[in-house]
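First, the structure itself, so that you have it in front of you.
By letter and in written order, the chains are A, B, C and D; residue numbering begins at 1 in each of them.
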Amino acid sequence: MSSRLVAVVAGVGRGTGAAIAHKFASQYPVVCLARNPESYQEVVSNINKSGGNAIGVTTDLSSAKSLGSTFDRLEKEFGDDFGVSAAVFNASTRPVHKPFLELTEDEYAGGYDILGRGAFLFAQATLPRLVKSVEASPHPPSLIFTGATASIKSSAELVSFSNGKWALRSLAQSLAKEFGPQGVHVAHTIIDGVIGIPTTVEAMKGAGRYTKDTLIEPEAIADAYWYLHTQPKSAFSWEIDIRPFAEKW
Amino acid sequence: MSSRLVAVVAGVGRGTGAAIAHKFASQYPVVCLARNPESYQEVVSNINKSGGNAIGVTTDLSSAKSLGSTFDRLEKEFGDDFGVSAAVFNASTRPVHKPFLELTEDEYAGGYDILGRGAFLFAQATLPRLVKSVEASPHPPSLIFTGATASIKSSAELVSFSNGKWALRSLAQSLAKEFGPQGVHVAHTIIDGVIGIPTTVEAMKGAGRYTKDTLIEPEAIADAYWYLHTQPKSAFSWEIDIRPFAEKW
Amino acid sequence: MSSRLVAVVAGVGRGTGAAIAHKFASQYPVVCLARNPESYQEVVSNINKSGGNAIGVTTDLSSAKSLGSTFDRLEKEFGDDFGVSAAVFNASTRPVHKPFLELTEDEYAGGYDILGRGAFLFAQATLPRLVKSVEASPHPPSLIFTGATASIKSSAELVSFSNGKWALRSLAQSLAKEFGPQGVHVAHTIIDGVIGIPTTVEAMKGAGRYTKDTLIEPEAIADAYWYLHTQPKSAFSWEIDIRPFAEKW
Amino acid sequence: MSSRLVAVVAGVGRGTGAAIAHKFASQYPVVCLARNPESYQEVVSNINKSGGNAIGVTTDLSSAKSLGSTFDRLEKEFGDDFGVSAAVFNASTRPVHKPFLELTEDEYAGGYDILGRGAFLFAQATLPRLVKSVEASPHPPSLIFTGATASIKSSAELVSFSNGKWALRSLAQSLAKEFGPQGVHVAHTIIDGVIGIPTTVEAMKGAGRYTKDTLIEPEAIADAYWYLHTQPKSAFSWEIDIRPFAEKW
């Protein structure tokens, strides 16, 4: 089996997605997907400069057609029969906080577009290539979904986001049960805390509440995903929660 | 406050929905919604024959427009300022059991159309009238969502249904937290077992597995909804599970 | 089957236990158990005065010997073969709030003595009589355990209480699965809020935070237990949560 | 701070405990606790032979006195002020499967003795030394508890074991919330499957059901514990589940 094995990360921005792309670039060519090229360009460039191999593809995850074009592009890059060792669904939507009766139908559907249909389409696009990579992949092929506090607790005035996140977690659980026995490791993470990216760090500093380690380091999340990816077949984790040491929960 | 107070039941078929409509008809005029008139005609007729007051309106819950027409119709029937004492979202979709990679995008979206958007639209249509009925309603105005085993456990090869049911449960939890303090009781049920309607009873008898009480009696579910509706403000339940005595779980 | 059918309520004080005893006294002779006679005397007297039939027995639930003496006493009262239609385990311990490293071994064990061993002994004492009452009881014989917020969420500095409450919930779940198929309804409640008894009402008034309905009315809890008890075999609930409408959760 | 930093593993037998001891021996002197010396002698000997540093101490975890003697012994070995970088509570009891009404009070209490009081005593003995090691420890001092499927699901006829395991999980959650902010990482694992030790491998082979990876490799569990231990302060996991790829759940 000489086909290329790649890692695909959907939802690459400045924080978690970028850190995950960097981490997986240590072993695989990494495909970075985002709706806007500005989101992934710097990451892709940095990986390539530091000796890794990365490619960015502008993709609207909520569109089967867009995702289809993306995979056509990847076949040109890596060959028709390229395999996937790791697929990370890190895309999300901006949470809409507002009283329920002020939420528009479009805002409600926004959560579903990415966290529902987007995750569905991404899983359908990557699972055939994950399944066929079971023998060749150095670690069990992995499909990892990024969740949040809102994945297990639905707060007032946050309907769109939490509905999407609950649906996403349900998808991850169903797929873990269907594809685990086929050798593909499907996992879900609960990121319970604010992630430390420049904007959140500045905001916390501005509020006089910044202390090192009170924001989750994106690199630590990437380490968790890498740990999940490298678990052997005899010991798959479905879910792992991650929060800063001082977080209230 | 002399406006009429009604109960609205979405998803009235031969089983649970019909039993709920009958139960709430003992105290309120009951509005029965279903996609096809055949689903509610007999129920409506039976309630009216037995001295109750019921009306059926053909409604596509996944369409804001259809739901809007329905409420226009109800205003004509009950007056512009009619109130809602109880709204029950009992609509569902037929679960699609199939390997994930064979699921079409339309089949996936089917779960969301009713259990996601449909529930969202129904809640937006009924909550303003539930809120304004807080003082006048004989019991705290109630919005009750019907869930299933798949609402808390996502099985293999059942992605569309369970994604929708998890999203629905998330909606119920968020709304309970937002509208409880306003005096509206939002609740969710987990119906964990096969409901005894003629077709399931026949199927079980055919399989030689029928015993009384191994299928959930729709009237018992209706009693649970009525119990939830009559809980006082000091003691709201958010969630209740219901299963036959011999069910494995 | 002419044997007497009784209700047994363990943990009868001024609040929930008393309300439950009163409620079940409408249909059964009620046995009130408490460690101190002062806890049940007034309740027993009130039930008997109002035409019901109640008896109080001083019992240390954490002692098999004490519970044995209690049942000897009940056999003298109701006949050797008396049955039990409802058994309610409403006993608890006073939550110990303190830093973990200051908790003594005795304090830790205190939670277990009642919520662990006490519940075990009570279930062993009542289940044989619940099982044998399946045919004769007007409603499915029921064993109901009282839980709390701490049954599903373990807070800092509350180890003893929450360890006991989690163990109790585990017991309720296991027994529901074993005895449900035998026709005995085992259920668990999550009482998530402050119960309105004279001392808590005064405390809230003193703090200027008292509003009607912000404390759970014991009678509403008793209604929930009665509803659970009267569920038919085809529709048993295992768990129900109860909280005031304005409670944060 | 020149005090010694050690790892303490309670419940060292041939499987998980031994693998954990070996893993942590790569960085720390390891203390192996078990009720019987035969349980730990081989592990201790192997670690010492392979260049590590291990010591075994016979300890009855359910006895404060026994645990006190153990720590006296450790002070002689490592100095009065020795620190603890990692404490693993891997002790358990043999699950008692039997109808509830046949369970003796002693059998019931057996689950509590180790999983309840034993865990409590172990946490009280190690936490002061974990807290004081926050600055010096190369990784955040960690207290990890081993759970099982029975920690989140209580089956019929398994009351003693699941009561103990639920209490243990509650302890882990409470301690995570209290000691996380102090810099100590408290975590809980859910080992959901059969662990591959010689006896289980032989049993599965005898049943013709043995396939590589269908039993959890103890080394993979040890890797999970090590991963948890090495998580930075900004990204602590409280809980992680582990099961073989083909496990039904």
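Criterion: a residue touches a chain if its C-beta (ideal position, glycine included) is under 8 Å from a C-beta of that chain, and two chains touch if they have at least 3 such contacts.
By chain, with names taken from UniProt: A, B, C, D = Oxidoreductase.
As the structure is a computational prediction, the values presented were derived from the model and not from experiment.
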{"item": "Between subunit B and subunit D, centroid-to-centroid distance (C-alpha), Å", "value": "47"}
{"item": "Computed distance of Cα centres, subunit D from subunit A, in Å", "value": "32"}
{"item": "Averaged-CA centre spacing for the pair subunit D and subunit C, given as whole angstrom", "value": "35"}
{"item": "Touching two or more other chains - residues of subunit A", "value": "177"}
{"item": "Category of the chain touch graph - line, ring, star, complete, other", "value": "ring"}
{"item": "Interchain contacts (touch definition) - all pairs", "value": "A-B, A-D, B-C, C-D"}
{"item": "Residues of subunit B touching subunit C in the complex", "value": "140, 177, 180-181, 183, 185, 196, 212-217, 220-221, 223-224, 227, 231-249"}
{"item": "Touching residues on subunit C, where the partner in the complex is subunit D", "value": "64, 99-101, 103, 105, 108-109, 112, 116-117, 120-121, 123-124, 127-128, 153-159, 162-167, 169-171, 173-175, 177-179"}
